[in-house]
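Input: structures, listed below.
Across the two complexes that follow, chain A remains constant while its partner is chain B and subsequently chain C.
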Partner chain A sequence: MFAYTIRRFLTLIPMILIMTFLIFLGMDLTPGDAVSFMASPEAMANMSQAQLAQLRESLGLNDPFFMRYLTWLGGVLHGDFGYSLTSGVPIKDIVLSRIPATLELSVAALLISTFLGTILGLVSAVRKGRPVDHILTITGMIGVSIPEFFLGLVALLLFAINLNWFPIGGRLRPEYTVYWDHMKNLILPALVLGVTMTAGVMRYTRSSMLDTINKDYIKTARSKGLPEWRINLVHGFRVALTPVVVLIGFRLPILIGGSVVIEQIFQWPGVGNEFLGAVRSQNYPLVMMIALFSVFAVLIASFIIDLLTAALDPRVQLD
Partner chain B sequence: MLNRQLILDKKMDRIRSMEESGTFKVHKGSRGMQKMLHNKLSIAGLVIFSVIMITSMFAPLFTSFDPLAIDLKAVLQSPSTTHWFGTDKLGRDVFSRVLYGGRISILVGFGSALGASFVGVLLGAWGGFRGGFIDKVFMRVSEIFMAFPQIILVLLLVSIVGQSMRNLIFIFMVTGWGSIYRMTRAKMLSIREEEYIQALRAFGIHPLIICYKHMLPNALGPIMVNITLSTAMFILQEAALSFLGLGVPLQIATWGNVLNAANDLTVLKSYWWIWLPVGVVISLFVLGINFIGDGLRDAADPSQQG
Partner chain C sequence: MDSDVLVRVKNLQTFFYQNGRCNKAVNGVSFDIKRGKTLCVVGESGCGKSVTASSIMQLLPELSRIEKGSEITYFSEKGEIRIDQQKRNGKVMRSLRGSEFAMVFQDPMTSLNPVYTIGYQLAENLQYHTPLNRKERKKRSVGLLRDMGIPLPEERVDEYPHQFSGGMRQRAMIAMAMACNPKVLIADEPTTALDVTIQAQVFDLIMKLKKDRNTAIMLITHDMGVVSELADDVVVMYMGNVVEAGTLEDVFRSPSHPYTVALLRSIPILGKGRDQDINPIRGVTPDPYDRPSGCQFAPRCDFFKEGVCDKCMPDATSLSKTHSVRCWKFVGGSGYGN
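For the complex of A and B:
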C-alpha cells in the first residue's frame, strides 16, 4: 500500500508540470504586461521608466520563454501567485479569502445530494419495476434536464422573493454576529446545487444496489429468514455503497465547476464568483491562477480517491 | 408475482392463437428500432423534440414578429393574443425570440456534439485499433482536458479566444472530444480481439479499411447514445454561458440570451413571462433528448430485452 501511494503520487508530478506549463503558456499568450502582475502596484507607482526596465530585467522577463517558466514555477511553488490586474491584491490572498465560502457551499451540496441520492436510489432499487421506481427514474431525468441556473432562479423567486423564507443572496451580512446566523443564506443555494446533483447519485446507487441484491449471499440471507428491511439495509445497502463513495469523490470537480453558476445567482462570494468576475474583466492572471488552482484540487482529489478505492476494495490490484 | 405469471400466460396464449390463425405479424426492421418504438418515454421524447425542433426551424411560419425588432411602444407587455409570451424590456416579442433562439441554441448543441464526436471517434477508433505511442499521447491529452472542471475550462477558453458563436462551438468541441475518444477507444479495444479481425488481417486488408470500415460500425451503438447525451449537455452549457453573458454575443437571440434578462431582479420578480417560458422550453427540449438517449441506450444494449 505504501509503495502504491508513492507510485501514484509520482504520476501526479508530470501531470502537474504539464498543467502549470499550459497555464503559463496561456498567460504568456494573453494580452497584458507581465510586470503588472509580478510586482505589487505600490512598488510600481513610484517607478520611472528606467527603473521599470531594470525591474523587468531583474524579474527575468527578458529571459527566454523556458527560463521564465521555471522562475514562475518556482514562485508558484513558494506560494507567490502574482498580483491581480484590476485590484492589485496578491492573487493568493484573493483565492484564500474566497475558499471558505466555496467549500461551505460545496460540502453542503455534497451532503444533500449524497443523502437524498443514496436513499432515493435504495428505494428505487428495492421497488424495481413498481410505480415508485418509475416515478423516481422519470423525476431523475427531469432533474438532469433542467438547467441548474433556471432551477436557481425559480427557487429564488418562490422561496426568497414571494414567500420571503430566505434572504435573496449574499453570505455574511453586517448584522450577523454568530457564524450560524448565515445558515439561512446557505440553505437555498446548497439545496439547488445539491438537488441538481442528486439524480446522478440516485441512478448510480440504484444500479449498484441492483447488482448487489442479485448476489448469492443475499439469497442466503433471505433463506435464513431475515426480515426484508435487514437484508436490504444491512446486507445489501452497505456493500452497494462502496462504488457510490467513489462516485461522490468523482463529483468534486463538478462541484467546483457547478458552483460557478449557482454562486453567481445567489451572489455567493466564492471562488466561482471571483472567477467569473475575472473572466468578465479580462483579468487574465487571476483567471489562469484560479483555473490552475481548481486543476490542483481535482488532481489531489482523484489521488485521494484512488487511494481510498484501493483501501476499501481488496480486489483492486495495486500495480 | 402470481399476478405477473397470469399476465405472461395470457400474453403467450394470445400470441399462440394469433400464430394459429395466421394473423401474427413478424416484425420487420431492426430489433433495436422496434425496442425503441415500444419505449413510451422515448416516443414522448421524440414528440417533444420534434415539436420544438420544427417550430424553431420553421419559425417564420409560427410568428410574424422579428426577434430583434425593438418596439418601444410595446415594452414589457404581459402575454396576450398578439404577443403569446409577452414582450421584453425593449418591446421585442418573447415568443418569436424563443423560436428563433432555438435555431441558434440547437445549432450550437448539435454542431458541437457532432464536431466533438467526429474528432473523438476518428482519433479514438485509430487509437483503440493501433494502440502504441499515438494512443498514449491522445490519452494523455484527453486526461489533461478532463482534469479541468468543465465549466472552468470553457470559461478559461472563452476569455482567451473571445465570444462568438463559432468560437463557442470550437470550445465545446475542444472540451468535449475527450470522453468520446475514451469511449470509442474502449469499444474498439474489445472488438480488436474478435476473430473476424484476425481473418481480415490475414487477408492482408489495409489497416485503415479494417479500422474504419469493418470495426467502427460495430462500435457505433453506444457512441450514438453518447452523441445524443452530449447534445443535451452542450445545449445546457450554452444556455448557462449565455445566461452569464459569456456565451453567444447578446445581440443574437438564443435561449440563454433570452434568459439573460432574468439577471435583473425586477425582471425576475415582476415580469415572469420573459424568462419562465424559455426556461421551460430548454428543460423540455433537453428532457426530450435525454428520453431519446435513454431509449437508444436500451435499444443498443442486447442484455436488455424489451
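For the complex of A and C:
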C-alpha cells in the first residue's frame, strides 16, 4: 500500500508540470502586458516608458518563452501568483480569502449528496420494481434534469422570500454572534447544491448495486444462509461502492473551484463567484490562477480516488 | 418411508416468467437423493439441471416460481421439512442453507467475492451456523483449508480470491460448502471451468469428503465419464423432464430411453483414434418457448412413431425396482406396437 501510494504520488509531478505549462502558455497568449500582472498597478502608474522597458528587462520579460516559464513556475512554487489586473491585490490573497466560503459550501453539499445519494440508491436497488424504486427513479430523473440555477431560484423564492425561513443570500454579517445565524445562510445553498448532486449519485449507486447483486458471489453468499441485510450490505454494497467513490471523488474539485451558478444565485462569496467576476472584467491572471487551482484540485482528487479504490478493492494494488 | 431417502423431489415444476411468456424450465421432475450416496444429474445445456438444483436450495432468480403440486421434502433429523413451501429467503431456508444443504457452483472465478479474504468468507458460514467465536472460527477455517489440500493454509487463509488459482478457488469453495458438515452437497458442474487434471483432483476431493463425512452428493454434470466413475444413482434429464432414472448399473448397462442411448453413443472413446464413429444426436434442442407437443425428444428420436409420440409426454414406466423410463416404447398398449 505504501509503495503504491508513493508511486501514485510521483505520477502527479509530471501532470502538474504539464498543466502549469499549458496555463502559462494561455496567459502568455492573452492580451495585455505581462508587466501589468507581475508588478502592482500602483507602482506602474508612476513609471515612464523607459522605466517600464527597464522593468521588463529586469523582470526578464524579454527572455525566451521557456526561461520565462521557469521563472514564473519558480514564483508559483514560492506562492507568488501575481496580481489581479483590476484591484492590484495579490492573487494569492484573493483566492485564500475566498476558499473558506467555497470549502464550507462544497463540503456541506458533498456530504449531503453522498449520504442521500448512496442510501437512496441502495434502497432503490434492493427494492427494485417496487413503488419506492419507482418514486425514487422519477424523482431522480427530475433531479438530474432540473438545472441548478432553476432549483436555486425556486428555493430562494419559496423558502427565503415567501416563507422567510432563511436569509436571501450572503454568508456572514457583522451582527452574527451565534454559529446558528451563520448556518441559516449555509443551509439553503448547500441543500440546493447537494440535492442537484444527489440525483446523479443515487442513479449511479442504483445501477452499480443492481449490477453487483446479480453477480455469482451474491448467490454464493445466499447459499451460505446469510441474512438478506448482510448479503446486500456486506457482499453487495461494499463492492458496488467502488465505482460510486470514483464518481463522488470527481466532484471534489468543486471544493476548490466552487459552484459558479449556486454561488452567484446565493451571493456566496466563494471562489466560483470570484471566477465569474474575473471572467467578466477580463482579469486574465486571476482567471488563469483559479484555473490552476482547479486543475490542482482535480489532480489531488484523482490521487485520493486511486487511494480509496485501492483500499476498497484488494485487486487494484497488484495491477 | 424409506429411511435412506434424504431429499425427495416429487413432480417438481419450476417455471420462469419473462416478457409475458412462461418457460417451463423444470416440468414434473421426481427423484430421491439418498443418504451418503452420489446422485448424478446429466443432460445437455438448458435441460433444467441447474434449475432443479437451485429449486432445492430455493436459490431461484426473481422471475421464477416453484409451481403448486411440486413437492421437495427434506427428511431432517428433526422431521420432514417441505422446502417448496418455505419462504424463499425466510428463516427456515436460511438455517438450512450452508448448514444442512451446501452448494458448489460452476465457476470459482466469479463465485467468490473479490473484496474479502478466503478466510473471511469461510468464517462467515461458521458465524451463522455454529456457536464458535471469532478465534475458533479462524482456526476452523485454517483446518478446513488444510482438509481440502491447500498448502500453507495459515497464510492462504488471509489471501484474496484473485491470489488463488482456479483449482484452489474451487477447493476453497468446497471448504466453504463443507464448513458445517452439510447433509447434502449440491455440486453444479463444479469442474466445468477447470482444466482436466484439476477436475480429477476436485472430484477426488468430493468423493473423499463423501466417504469421510457421509455426505449425500447431487452432482450435476454433462460428462458421462464422470458419471460412470462417481455415481451411485443417475438421473437423465431432457427439456425439463427426467427421461430415465436408475442406478448407475441400470442406466449404463441397459440404457432404455432413446435419448440416453443416443447420449452414450455420442461419446468419443479415448484411445480409439480419430477415425472412430461418433454419433451425434441429430437436430438441436427445441426452443423452450416452442416445445414439441408430445414427447419432448420426439423430433430428434430415431424411434419416433407418428400418432403416438407426438400426442403427449408419457408417464414414467418402471422397468425394475430402481429403473424407470419415460418413453412410449415401454408403455403397454400405447399403440407403439411392441
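Quick notes
Following the convention adopted for this analysis, the second predicted complex is superposed on the first by the 268 of 319 C-alpha atoms of A that agree within 3 Å, B and C clash if a C-alpha of one lies under 4 Å from a C-alpha of the other, contacts with A are read in each partner's own complex, and residues count from 1 in each chain.
As a convention for this text, a residue touches a chain if its C-beta (ideal position, glycine included) is under 8 Å from a C-beta of that chain, and two chains touch if they have at least 3 such contacts.
Quick caveat, the model's predicted, so the values are computed rather than measured.
Within the superposed three-chain model, A:276 lies in touch with chain B and out of touch with chain C [touch as defined at top]. Using the contact criterion defined above for the overlaid structures, shared-chain residue A:205 touches neither chain B nor chain C, since it reaches no partner. Of the two partner chains, chain B is the only one touched by A:261; chain C is not. Of the two partner chains, neither chain B nor chain C is touched by A:20. Between chain B and chain C, B contacts the larger number of chain A residues.
Of the two partner chains placed by superposition, only chain B is touched by A:146; chain C is not. By the document's definition of touching, of the two partners only chain B reaches A:138; chain C does not. When both complexes are overlaid on chain A, the residue A:102 reaches neither chain B nor chain C. The touching residues of chain B, counted against chain A in their complex, run 41, 140, 143-144, 147-153, 155-156, 158-160, 232, 236, 239-240, 243-246, 259, 262, 265, 268-269, 272, 275-276, 279, 282-284, 286-287, 290-291, 294.
Remark: chain A residues 15, 18-19, 22, 26, 29-30, 138, 141-142, 144-150, 153-154, 156-157, 161, 168, 253-254, 256-258, 260-261, 264, 275-276, 278-280, 282, 284, 287-288, 290-291, 294-295, 298-299, 302 touch chain B in the complex. Residues 57, 59, 89, 93-99, 102-103, 105, 107, 110-116, 124-125, 128-129, 160, 162, 173, 176-177 of chain C touch chain A in their complex.
Chain A makes touch with chain C in their complex at residues 215-217, 219-228, 235, 238-239, 312-315, 318.
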